[in-house]
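Below, each structure is written out as structure tokens.
The two complexes that follow have chain A in common; it is paired with chain B in the first and with chain C in the second.
Right after this comes the complex of A and B.
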């Protein structure tokens, strides 16, 4: 039997294509999330519209990646590391799609807020927003470089995200308590804060997937958790 | 070449086992969610503890199903409908695991509420809770019977879940506005209500997966959405 370099190359190309699509999808998530944070902090409704309108790009990537994965499994029957690559791509794309959805939801809530928020509140949102942007960048780097160390670092830093989310939640509660007129905007802000924390959780999922992809073993122990109450419903 | 009935049977058995595991996992989610709703409405902390402690059973099912799927793909190289069965199982188990998590979160928040809530509020939670329990039962039936019609029905009824969640959210806002002492419990109740709505969304995901599994085509059109504001951040 002769070697079939063309087919082999094409298989590798397919795997590379899948991986590239995930990285581009991740780049779109980075843009969506950083714009969503800018929009809520500056009450910028036009920027919020951008985030909302561009979410279909992220959704389409998920559908396309799923199709690529199914084709790869059906036609190439990948084994071992390649099988992990394909299954990981499916799971990662699902988490990244949720990151896009949550950014879109922040943007939608931004559009319902019609007045300037107190500085302490927007600064608090910005602080946790910046940390989560870093986490998103790092987890995409961990995937690009197939680095379990960067992945583990992201996973461990989620505790800091929880702590900053908790501070932010306290600011929102203060805002809610200060005036019963603030109840509706404040309720939206509770969900905005929760969405940021949920994005953080999706990023730790991705970190776990990258770790498993490279090492074939699971990150051990319970995920570190900051002290929280309103955020997670835990003491 | 001789037939290998043993291997063929064993492959079918593996697929059947996967399917059974999903159904049992779904049954555990039904119990967790109905107990979580009972616990919050009756302020029953012991029942809330049950829900919290039993969530590992649901988590373990997800891990086990993922392992079965990876083994099936690696060793059996499923094609066409069998490939859809395996990929669907992976996605369904991920949505069901989230249902379990959200029920657990409702239970955790229940434990932080130390007083009787107004009747209008608990009745409102119960109403949407019962509808979502029905949706959960139906979507599991649609999977067991491989019925795209039942799946489509669940998908369409999500609009009613949105409407009832919206009513419930209005009751919570009323509760929040009535007394600034209610802000913290009220914030937990906003998240409880949102969790119920999110469970509804996961069930429509499952409905879409079942539909695709049987028909090989996607449910068409935008998912019907009830009118909402605080719930989803939409006008």
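Right after this comes the complex of A and C.
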């Protein structure tokens, strides 16, 4: 449904502002995450610093959005689609803030790694990283276009993220086993990989929120899961 | 269970049709809210439910209104008894030009509901307490009802309506002249009353409809556009027109 504008213009503007803030916040998360992946793969400490320093921008957006949502609820008592817009914004911003944190954590660990990593390893990080970047872009698109189909697609593709995370974990374990000198860096890389996978999970949350926002119903059923053995410790 | 069933109800004021083919079920011991823009026919529909439209000369009602499965639109209906069972609180408070006490005691008296003066006193006190007015008027029960403020008069009318213990209470914007505290008291009263009564309330406050009712019907230009659980209507209505109205996009 494309909605007519509200009779009260300032209400319309407030809702529009909220939605715009969320889109910009999402854009910042995209940048943070792609830079974090680039930094770890290229061992680029300056870029990692960028990611770390810019995280406050994302944090501030979360606070800002929370205030806007509280104002809307207190002063406008939103109903139906407006209520879903408002509540969804609050939930999405908290998932996106976590995405920012996890990207920052990848950057922090990057700075603790002081040498170039083997190609097979960086390639497998890059592979899952790229997929998650695509997921992030798609889920933000699903929000801007209010498209439950794109959201559902993201939700279903998380299975692939799990699979690639697994491959990546295997590479890290190979790296750990190959030389006991690798234990320190290797353990950081385990966390980096896990962080990427968790970002993927936050994106499926966002996908669920967008789906609910548009349809007013919940995405049904269990999300398809990829091979989980290493990531979750399940067989 | 359905307390009231409206079937193919059409209402005309002279040549002008005010309601078109309304079909609506009203559940027993629940609160049903009627919402919609001014002039859409909410009050007209409410008045169908106790034949109050009879008193408007040019008004003609077609179709069936069944209460407890009995069609009240048939000739044989005893309208006085009907209105005892189906009480009403109007959009504008309309106290009798009598004392506060008499405003309340009148109904129970003529219906022979009290055996003694003490019992009648008790009914008056209970009704005023339920309508959240007792504390303000208990020392001036012999003053005229018309001497109260607008909000107090409205609560007096609510007390009067409940004094005869009706099965159904129709309320037409009962809180439009009330301050937030009195409004909260009336909403609390509605919650209380629905344990024993069926309530139909017309309100222009979306949040009030959402708070007090279990079912909501949305009227527009004399048609019932959508009716369903209040939860559904305010979270995710089926009709675009309903959503436009409740979210303030009507123009």
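What we mean here is this: the second predicted complex is superposed on the first by the 228 of 235 C-alpha atoms of A that agree within 3 Å, B and C clash if a C-alpha of one lies under 4 Å from a C-alpha of the other, contacts with A are read in each partner's own complex, and residues count from 1 in each chain.
Rule of thumb we're sticking to: a residue touches a chain if its C-beta (ideal position, glycine included) is under 8 Å from a C-beta of that chain, and two chains touch if they have at least 3 such contacts.
These numbers come from a predicted model, not from an experiment.
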Partner chain in contact with A:77 - chain B first, chain C second, else both or neither: both
Partner chain(s) touched by A:176 [first = chain B, second = chain C, both, neither]: first
Contacts of A:100 with chain B and chain C, given as first, second, both or neither: neither
A:216 touches, of chain B and chain C: first, second, both or neither? second
If touched residues of chain A are counted for chain B and for chain C, the larger one: B
Shared contact residues on chain A - chain B and chain C: 77, 79-80, 83
Chain A contact footprint on chain C (complex, rising order): 206-207, 210, 234-237, 240, 243-244, 246-251
Chain C contact footprint on chain A (complex, rising order): 1, 3-8, 11, 77-84, 216-217
Contact set on chain B toward chain A in their complex: 69-70, 73-74, 77, 79-80, 83, 87, 90-91, 94, 105-106, 108-109, 112, 173, 176-177, 180, 183-184, 187-188, 190-191, 194, 229-230, 232-235
